[in-house]
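The first chain written gets the first letter, and so on, giving A, B, C, D, E, F, G and H; residue counts start at 1 in each chain.
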Amino acid sequence: MDREKIIRLLNRVRQKKISVEDAFCALREFPYEDIGFAKVDHLRAMRTGMPEVVFCQGKTIGQIVSICRAVAKKNNAVLLTRADAAVFKAVKRAFPSAVYDKLAGTIAIRKKKTGLHGKISVVCAGTADIPVAQEAAVTAQIFGNRVERLYDVGVAGLHRLLDRFDRISDSSCIIVCAGMDGALPSVIGGLSSCPVIAVPTSIGYGANFKGIAPLLTMLNSCSPNVSVVNVNNGFGAGYIASLINRKNERF
Amino acid sequence: MDREKIIRLLNRVRQKKISVEDAFCALREFPYEDIGFAKVDHLRAMRTGMPEVVFCQGKTIGQIVSICRAVAKKNNAVLLTRADAAVFKAVKRAFPSAVYDKLAGTIAIRKKKTGLHGKISVVCAGTADIPVAQEAAVTAQIFGNRVERLYDVGVAGLHRLLDRFDRISDSSCIIVCAGMDGALPSVIGGLSSCPVIAVPTSIGYGANFKGIAPLLTMLNSCSPNVSVVNVNNGFGAGYIASLINRKNERF
Amino acid sequence: MDREKIIRLLNRVRQKKISVEDAFCALREFPYEDIGFAKVDHLRAMRTGMPEVVFCQGKTIGQIVSICRAVAKKNNAVLLTRADAAVFKAVKRAFPSAVYDKLAGTIAIRKKKTGLHGKISVVCAGTADIPVAQEAAVTAQIFGNRVERLYDVGVAGLHRLLDRFDRISDSSCIIVCAGMDGALPSVIGGLSSCPVIAVPTSIGYGANFKGIAPLLTMLNSCSPNVSVVNVNNGFGAGYIASLINRKNERF
Amino acid sequence: MDREKIIRLLNRVRQKKISVEDAFCALREFPYEDIGFAKVDHLRAMRTGMPEVVFCQGKTIGQIVSICRAVAKKNNAVLLTRADAAVFKAVKRAFPSAVYDKLAGTIAIRKKKTGLHGKISVVCAGTADIPVAQEAAVTAQIFGNRVERLYDVGVAGLHRLLDRFDRISDSSCIIVCAGMDGALPSVIGGLSSCPVIAVPTSIGYGANFKGIAPLLTMLNSCSPNVSVVNVNNGFGAGYIASLINRKNERF
Amino acid sequence: MDREKIIRLLNRVRQKKISVEDAFCALREFPYEDIGFAKVDHLRAMRTGMPEVVFCQGKTIGQIVSICRAVAKKNNAVLLTRADAAVFKAVKRAFPSAVYDKLAGTIAIRKKKTGLHGKISVVCAGTADIPVAQEAAVTAQIFGNRVERLYDVGVAGLHRLLDRFDRISDSSCIIVCAGMDGALPSVIGGLSSCPVIAVPTSIGYGANFKGIAPLLTMLNSCSPNVSVVNVNNGFGAGYIASLINRKNERF
Amino acid sequence: MDREKIIRLLNRVRQKKISVEDAFCALREFPYEDIGFAKVDHLRAMRTGMPEVVFCQGKTIGQIVSICRAVAKKNNAVLLTRADAAVFKAVKRAFPSAVYDKLAGTIAIRKKKTGLHGKISVVCAGTADIPVAQEAAVTAQIFGNRVERLYDVGVAGLHRLLDRFDRISDSSCIIVCAGMDGALPSVIGGLSSCPVIAVPTSIGYGANFKGIAPLLTMLNSCSPNVSVVNVNNGFGAGYIASLINRKNERF
Amino acid sequence: MDREKIIRLLNRVRQKKISVEDAFCALREFPYEDIGFAKVDHLRAMRTGMPEVVFCQGKTIGQIVSICRAVAKKNNAVLLTRADAAVFKAVKRAFPSAVYDKLAGTIAIRKKKTGLHGKISVVCAGTADIPVAQEAAVTAQIFGNRVERLYDVGVAGLHRLLDRFDRISDSSCIIVCAGMDGALPSVIGGLSSCPVIAVPTSIGYGANFKGIAPLLTMLNSCSPNVSVVNVNNGFGAGYIASLINRKNERF
Amino acid sequence: MDREKIIRLLNRVRQKKISVEDAFCALREFPYEDIGFAKVDHLRAMRTGMPEVVFCQGKTIGQIVSICRAVAKKNNAVLLTRADAAVFKAVKRAFPSAVYDKLAGTIAIRKKKTGLHGKISVVCAGTADIPVAQEAAVTAQIFGNRVERLYDVGVAGLHRLLDRFDRISDSSCIIVCAGMDGALPSVIGGLSSCPVIAVPTSIGYGANFKGIAPLLTMLNSCSPNVSVVNVNNGFGAGYIASLINRKNERF
């Protein structure tokens, strides 16, 4: 994968500066570390230029804190998603600077502050969609982006959106979270000239199928600038928006 | 079901103006006529105050013309839906006044003209939705309603809709046909103060599932004035809109 | 959207009765008010001629009471849906005239009584469908309609329906709530000459899929006067029926 | 499986009337005959007391005629389902007494006439359901049942059914074929005191899913005497109804 | 519906033995009685020759006991399904002879013993299917049928079924309950010459979809004598089997 | 929407340089032009900075050429998608410089050449996915991006991908088209540090459901930089990738 | 089924060494024993050469212990799956040598140790998939196979898998457990030359549908050596892998 | 991946027997050859010990012949699947020894005969399943396995299977193809002690969903030795069975 590094290595073999065995190990060695129950992927940060993220749901508090410790040794920032108050309490003890966003269910650990760049907008249709929107917004922020929030502007009261649209019209990426009929991304897609990332939420009932109805709406959007992530996947949307916004900068 | 008529009948039995047998037959006789392969339902017109409609798909041309003849004897107007050119040719021979709408696939037979009342609007999102919209519009017209058409005003170019919205804002009912993401009825529902009948169309591809995606969108509409009919059911929407518009008048 | 108002405004600009800046703001200002967590849409009442409705599920009691207060300042009537006893207790304290319908889960707040008009019928198939039917009935009533209830008349015992059908045959709109096989709207649609709004309920088991089976039955109804709303959406049905019934009157 | 036959056989082994080898073969031999491409199951007729049935779809004309020949040698009657005109032409040549029902797509071969017993009724909702209904009716007839047909009596025009219901109220089994909303079996189930076999047909469009909507309706029927067979499976319904009707008689 | 009764009534009108008003009422009067929250359908027993059944799930204990009292006045037997221990305790107090089957969740109330007739077999695939099978068996028994049970004979150990098959081979109807792959009804259908009623159960996991997988298996059965009822619908299967078995007898 | 333009207009009203009526019309006029059957949306190009795209499927050749003419008057480039040879023949006559990509089914019309910028990579899993990949690639090219193609590198032969990965590792966006199991975007997402747009294709059979299986795979991707568009929507992917790549430049 | 045994029996009949009745019973007797609520299938062990397995979910602790006792009398090893701590406590009392694997939810009872043979690898994508993987691994071990575990090597970090792949490349069968996108089996299938058994897990959210998304991915795998078992069915995978590995050996 | 080969290479670098550049290329070079439209994967044969397979569907005859030529140069055997008569005609011209199996749609090209080993059985339920079964059988044969066929032994006539079961009871793997209810693999799984590979076929109608019903049946099989491949995937089943049967031998 890394042409120059390998050629340099082979040259050192040729120059007998390194044994065959060591060269073989170097070829094979990948920079991750085994902490018993999960392989912490330091490479990902190197590879993607992003802080590490810990998905808390389904892990014990002990596991979460251990992972955080391993990660924080080598990264400036750690983001925990789907975290509840009990997780926060334990993490806070280990990392006093940890910041909890209760609505989003996220914990942000940052060793040093970094400036915010560009502009990502996070829009949601109803008040019930706010937790997902907030997860996207917090994610985008910890990855160093300026974030504009525009909440509760569903299509059933179009004037609420149109009235405020100029606040977000200069974004480099707009994240739109919606449940129910999932119609908002199509409308925003038609009004804007940047990529729109649509996040279906599981808000709704009956033939909503826990978010599948808005998911289908969004996949079928007649606005061609809309792409879609999984139901309630606020983190994913914030992450992709960060990649789009920060494209030309190094972390 | 018909209290007075039955009491009158019973009185006539009591007065021996009618034999028991005849009374029994009168009780049992329902006003339809058997033409062999289908029971033509004259009662429906009486019961619902509407002309008869013939659904052509899956019937032979001979059957269609026979049904039209039986129906036209007792009704002022007949509407044929899902009719192709061959059907029209045969119907035209039997009913020279028949009018064909190629786009909608409808044939209208009217013995005498009737005035148009009220206002029903028919809106569609894209040009591909026009056949369904046109079926709704033709249906509404033959049932005596004034119809306003507003086509190709999908949500991806919202200005096209907003610019012309005042043409339909005074309707007694708005029919909205849309495929793809099916987002248009939610937007129109939010802008208007009359019932909106949403018609999903089978326009779209991939995760559209031949109209199921917009059907779900519409059922989950966050505008509370939206009700839904089956995919491509332009006729049903035109029919229901007629019932709403003509509520206070007799045919 | 509002031709005359805008022209009047422009005239005032021309007459220099208003500054350009103020005119711009007036053009932009939409009549809603921000109470922090949700935008209360006063415009909707103006636009649709209907009282405001508060969907309680997923909101805290504090939020609900705040919204009610904001809404009640500018409306004669407020309807709360999906409300439980705890919500009612808090609302009652703020609005002593509030009336709770436990079965329907609705709370009605009315500042002054208004007369009831027209006739909307609400029919349901089984006793288990009553909560949904009742939500529809209460909604229709608070919006000023006379309501006739006909409960527990499912098609498995057809005589129960036929025996009482004349009580509802003169409705301007019939709402039919049914779970299980969802067959009732088709039967009532065939018997009546007004629009029928079908509400699938989540009553049933096995291949019922929490209301999806009756939803499909209703969408495929062979009676052309049937349109459909989402599963358990009694409120939506009551709302649309009100729009149909009150079409020619101003609130 | 056949206690007496085996004990008799064992006795003959004991009495040395039969060799061990022959006894072993007798135990193993099942009465079917291999004609190369399909195993004709003579045993089924013995086991079930029914003529053999040949499902033509997907078989070549040559295969069909061969199977018929093999079957007819040992059965009084053969029924071919899903047969077209070309199949009939070839079968007619081999069996001059073969009778074709074009609507049902069935061919009946009978060596000697047999009397008809009992009463099975076959009902269908619309004219488009007739082919499936007719397949059920022809099947029931060739298996020796008297059949009453009641076609085109869908629930949207209930009077058509109620008016004629006494023609079928004394059936030992009622087969009800319906597409669209599939509501007819529930209504008939409620009116009758015998088993009802519901056959969904693939008639309908949009959210009908080629018969899945009426299939779900029927499985969720609120009439407890309704059981269901696969979409368009007229043959299966006719077959089961025959088993019910002929329960107490030997063929 | 009842030709002779109506003609007799009309004759009495003619003979002035009955007033017109009374005749009208007689024509209209249906034999059910309104106890406030549910219409108890006495007619059904008359119409179908079956005791009344009370579905307990979703009803309060008070409602259940009231319904039982109303029903028991006019029927010899009452069956309660989906009843738990608390329901039984209350019912027992009102009807000391009530018998509870905990596994099936059924309560049987019988005023006088009736003999058992014919033979219905109830088979199930695994031990987890027993509650559904037992509901079917208890139902069949209270309706006066002799019942043979054959439990835990799934197709993965075919010898268990084949070994005991002669116990059920002379049934007039076989009920087969199975979850998981739902393969048992096809196998039993092929072995037997009577109608088989297949009951999918919600036993299974993963791609089982709470009984939908075995439901589909059964609808697609290659044995033509298999018809299907809804998932876990043991009662329905027992009821239909009773209709089949008791066809020629009056209750 | 356009603050300055409106304020300028209001100033001109104030200065009486424009009549109130004309100002009103100016406020209402949107820059599109009606050519009878479809509203050509010139605004979109202004709004989004992109050439116009014509979706040919379902339009007549005459309609397509007319739309092209209207569009080409005001745009430098036009892209036609889902075009067959017959469409190309007619378009070529009107626009001799039109270029047809048979595999992609696209026609590109460009009035003057423009330079190519950045780097978008288009990857596909199998040869059958190439048409969709090619539609994405052609789209990206006409919108002014440099495009790198990497075809037939599915995960079943991972070495094919790994061997060539350095060709695409410096892309600003990677489009990945895959049918069958749809696993490729997850693998590429894990290897790269830019946004990945996943395009499910309808290649596959059985439980593939015409692209739904890979669609689900992609929505559930464990690589957080993957967003998804509709099945076979190569155009959409190319369009979004263009927006990401050209973010900082004006057209 | 057992040619020689039957012939031997028949010979003994012929030699009058056994009575006809006894011979009949011998023919019929199948080696299972009825313990009241479930038929313990000793034959299966004989037939399949495998220890007996008890699926605990849905059984009472009393039932489980009874079954274990009956089984352990005739088998060297018993495996309990889906067992919780309470079950273990009771089993431990009866079988002091029982070993509990909490993660897998399995209990292993072994009367005497047996050597381990061959090599089965068990791979999983994420830490959340470990319980399913562990159930597969424990199953394979108790059936006498050597097991290599490779956990947390999902495709989003491909290097983790590639780095360690040589640990499993010489397996006779690889079991791959994955939730989310389910892409891992395709990748491993492409890298290996032995059968791969894919186990979808219910890990994921939104459009994951509790394991259905990875199930579809795996069924559509483009690696032809992948076959699939039901969601979370670790036991089944371990069992099949054992059959493959131990093919040539007798237990 | 190939430890020794890499170490040998590194040693040669060290010994300067090979230049750094050449070593780099050797590390990178994968043994496939680009023929323009598809990458032929010679490595797969090396990696998996299997001949190459060409899936013809969706490829032109020219492409197919070119791929065959490239493949045949380096392999002893080539298998073409989903091939029609026209493909065969062209392939026959290039490879006169090619053998066509019309039923299976396969073409086998073999340079030299190889002996057949072990025993794989291929079973199918109905005659309509034979094409899929035959594809599996031909695949297994060309990969050097002895194949036993047992066709048309569906569960509706169980004796046909039981009578012949000893022909397959000693297989090292049994492939079972079934459409309709898909019940056969469960039955065979219960009777046998080797792995069973279940292949759902798209034979059936109505609620069969083109093979999805039997697919679900098989995934839910209560026999634990059943794993499943995609609908109609006879090739995959034959391939996996070959891997199982030939496990201990080199090609």
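Observations
Following the convention adopted for this analysis, contacts are C-beta pairs under 8 Å (C-beta built on N, C-alpha and C of every residue); 3 or more make two chains touch, one makes a residue touch a chain.
All values reported here derive from a predicted model rather than from experimental measurement.
Taking the definition of touch as given, a chain qualifies here only if it contacts chain G and chain H alike; those chains are A, D, E, F. The angle of the rotation carrying chain B onto chain D, fitted on C-alpha atoms and rounded to the nearest 5, is 90°. Taking shared numbers over all numbers used, the chain A to chain H interface scores over half, which places it in the same class. Among the remaining chains, A is positioned farthest from chain D, on the basis of C-alpha centroids.
Between B-C and E-H, more C-beta contact pairs are found at E-H.
Most remote chain with respect to chain C, judged by CA-atom centres, is H. Per-chain CA centroids place chain B at a distance of 39 Å from chain F.
Averaging Cα coordinates per chain places chain D and chain F 55 Å apart. Between chain A and chain B, the centres computed from C-alpha atoms are 50 Å apart.
For chain E, residues touching at least two other chains, in rising order: 3, 157, 191, 206-208, 212, 215, 219-220, 224, 230.
You'll find the chains touch as A-B, A-C, A-F, A-G, A-H, B-C, B-D, B-E, B-F, C-D, C-E, C-F, D-E, D-G, D-H, E-G, E-H, F-G, F-H, G-H. Residues 127-128, 152-153, 157, 159-160, 163, 203, 205-208 of chain E are the ones touching chain G in the complex.
In the complex of the two chains, the chain E residues touching chain H come out as 125-126, 154-158, 180-183, 186-187, 189-191, 204, 206-209, 212-214, 216-224. The touching residues of chain E, when paired with chain D in their complex, are 1, 3, 47-50, 53, 162, 165-166, 169, 172, 191-195, 197, 215, 219-220, 224-230, 235-237, 239-240, 243-244, 247-248.
Here chain B touches chain E in the complex through residues 3, 6-7, 10-11, 13-14, 16, 20-21, 23-24, 27, going by the rule given at the top. Of all residues in chain D, those touching chain H in their complex are 28, 30, 32, 37-39, 41, 43-44, 58-59, 200, 202, 210-212, 215, 230-233.
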